[in-house]
Amino acid sequence: MLTQAELVDYSGHCSARRDGGSFFINSGASIRSILTAEDIVAIDFDGSLLDGTAKPPVEFPLHAEIYRARPDVRVVMHTHPRWSTLLTMVGVPFRPVFPQGSLLGDVPVLDSPMSVNTRDMGARVAGALGSGPAVLLKSHGAVVVAADMVECFALAIYLEENACRQYMAMQIGSPYVLSAAEQEACRGRLGTPSLYRKAWDHYRVKLGRQNPN
Amino acid sequence: MLTQAELVDYSGHCSARRDGGSFFINSGASIRSILTAEDIVAIDFDGSLLDGTAKPPVEFPLHAEIYRARPDVRVVMHTHPRWSTLLTMVGVPFRPVFPQGSLLGDVPVLDSPMSVNTRDMGARVAGALGSGPAVLLKSHGAVVVAADMVECFALAIYLEENACRQYMAMQIGSPYVLSAAEQEACRGRLGTPSLYRKAWDHYRVKLGRQNPN
Amino acid sequence: MLTQAELVDYSGHCSARRDGGSFFINSGASIRSILTAEDIVAIDFDGSLLDGTAKPPVEFPLHAEIYRARPDVRVVMHTHPRWSTLLTMVGVPFRPVFPQGSLLGDVPVLDSPMSVNTRDMGARVAGALGSGPAVLLKSHGAVVVAADMVECFALAIYLEENACRQYMAMQIGSPYVLSAAEQEACRGRLGTPSLYRKAWDHYRVKLGRQNPN
Amino acid sequence: MLTQAELVDYSGHCSARRDGGSFFINSGASIRSILTAEDIVAIDFDGSLLDGTAKPPVEFPLHAEIYRARPDVRVVMHTHPRWSTLLTMVGVPFRPVFPQGSLLGDVPVLDSPMSVNTRDMGARVAGALGSGPAVLLKSHGAVVVAADMVECFALAIYLEENACRQYMAMQIGSPYVLSAAEQEACRGRLGTPSLYRKAWDHYRVKLGRQNPN
């Protein structure tokens, strides 16, 4: 839970499955605050409060409908990353252009810029996500899912780094997309708990430097 | 008045209506200084000093002519934002490309890069503004108006954020513009005093961090 | 001399006319060092040391040949500004796109990327400069001249700011160039000692903040 | 060895030839750490540990195969520079666009984005490098070699600076490439130990400022 708090503070709202019918999620507290145990609540898939007193975010259905549709998912992150979102604004598909991007593959896009604050919108996000690790929301943001927090964080970082490189390269030409064989080889080599942990550790140190207190 | 000082210090010059024929405005003091009560003066629509001793900015007619034409306006901000101005330099119209941009709609542009230092120029700005919340000045800057300071500040932030996203997306394609229905829905959900206040609070914290003293 | 030292430290090498046949110039000391009186020397137009012990920069002929050709010039600055240089790399002419840019007008370009370390190259720079306030050196840098240090500094700042805006706007379209009448009006209003001083003061404060010691 | 540690800490992994059949290299330690003597090991061309206890990086064959093929090379740096890599992503050849870029010339590119973790891949890198000072790895990074550490560092800096200028200029047009005669003149003037040392000193001061501890 402490670990979760650290991550959530970094970017947007994040949730962790509690059991078959409920999950923990941070309240609508601002990104600047130091999250405490009080900011995290447990709710069921209809948003009813099971534990805690803070108000769940209005976009809780994004998380709920993914947990409902994907029993394998234990962590859901929803962020508003700059470069990934720019790709969706112009209809350019996300493609793996550096090795770590292979872990995401070709990421689908939900064709709506609106807030995911209803069960119907949540179900559309879950549908667009399918069985993959990520889905982009047009002109809005990104959703990444995984079996644990460290992997989910690493994938969210790789998603944005790949999108940044794709955007930058597009300004001067057409970026090389890794071949199916190259992607397959990269997934085998890079998709390991120890490398996800390395990315996590790298960013913890980096963020700790930028925000020493 | 204290609240006003905080905002003005952030960016450019800003005014607040005093009554039917006069308004408060900060003097030509530089952005770096900590504004004090002495830097704020009250003037009538012809620039005559009613209260205070500092010199009003040469572009006071921009404010005066808007107050004259728009009895509903109680706050006017004139800024020199980077991204919004770049759009005007190349003749690209401002279009809502993210939800908060819907609160501005399609923003008109005054077709002159010159300083607004005469009553005639002020009237041209007021004419281009019409009944809307904002007008851009070609190759020069932006003007945002509102019924109160917090709303005016939030709209100025959204204007520039939308322009930045529009500019960045244009470098790799043609950004999606929110449909009329999407804009209508966003205005209903986002145009509330509590969300304006949230934007205001968010930036106060952010600026406080960057300039701790 | 003290005033000169402050400026020189900011960017590249800079000189001030001493009399009809000689000038002061800073030695090849790096930008990071705090210039002291020892770093400034007086030389004649052939580079012979008249006062001081440090070594004049190899590009001294750039300064010498301008002083020889332009009796009205009392200060010469040679800088390596990012945006102005990018324009020269692709052959895009510098055009006034914001009011202060009018003080530079259409800036000529020397068609060579080589160091200005001979009398012949110096004469080519002076020839390209003609009777104007600035000349760009292809893929290399900029030269600005004026009757005094404060004006020269302000013009160097405006040159780069205009080039930056021109570059940024070119990424999404074709920037509006101020008309001859608008440029004329801007020159009359902005080309005053008090506004040059304001730009100087503004940057002194800004630089003082960034480098407090 | 101490000198080496300073450099390696700055960017990626770096090695120095020990003798005809072995070299020193830093372990896979993260960029944030202060390298100590314990982080540096000596290995032979097959990766067998000759001195030290830390684990050599998986990409050691990149270094080994270059030392095997190029007896003149005493230092190898492998970095992941942003701008150079962007050029390789879109298939734009590196061309000298500013004087210092002439020291690199037209840099070849290895046509694979994969990790250089086998002898075969190392040999492909050495083959692409040929007798030159640098080779780029598609969508991955750069390799620079030299007879000593200071020259190698300076060349790595010039490579990335040139790539940055080339990328930036390409956003608004087609950058001027120095002619063969201009490149020849620049190589004669700029390829000296004292100027390499100046670049090294300049960056040591700059980095020292950014990371005071």
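For clarity, chains are labelled A, B, C and D in written order, and residue numbers in each chain start from 1.
The rule is simple: contacts are C-beta pairs under 8 Å (C-beta built on N, C-alpha and C of every residue); 3 or more make two chains touch, one makes a residue touch a chain.
Predicted, not measured: the structure shown is a model, and the values here were computed from it.
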Interchain contact steps from chain A to chain C (minimum; 1 if touching): 2
Chain B against chain A, contact positions shared by both copies (same if over half, else different): different
Rotation angle (°) superposing Cα atoms of chain A on chain D, nearest 5: 90
Centroid spacing, where centroids are CA-atom means, of chain C and chain D in whole angstrom: 35
Where chain D touches two or more other chains, by residue: 171
Every chain pair in contact, whichever chains are involved: A-B, A-D, B-C, C-D
Complex contacts: residues of chain C adjacent to chain B: 97-99, 165, 168-169, 171-176, 178, 182, 185-186, 189, 202, 205-206, 209
Of chain D, residues touching chain A in the complex: 30, 32, 82, 85-92, 113-115, 138-140, 167, 170-171
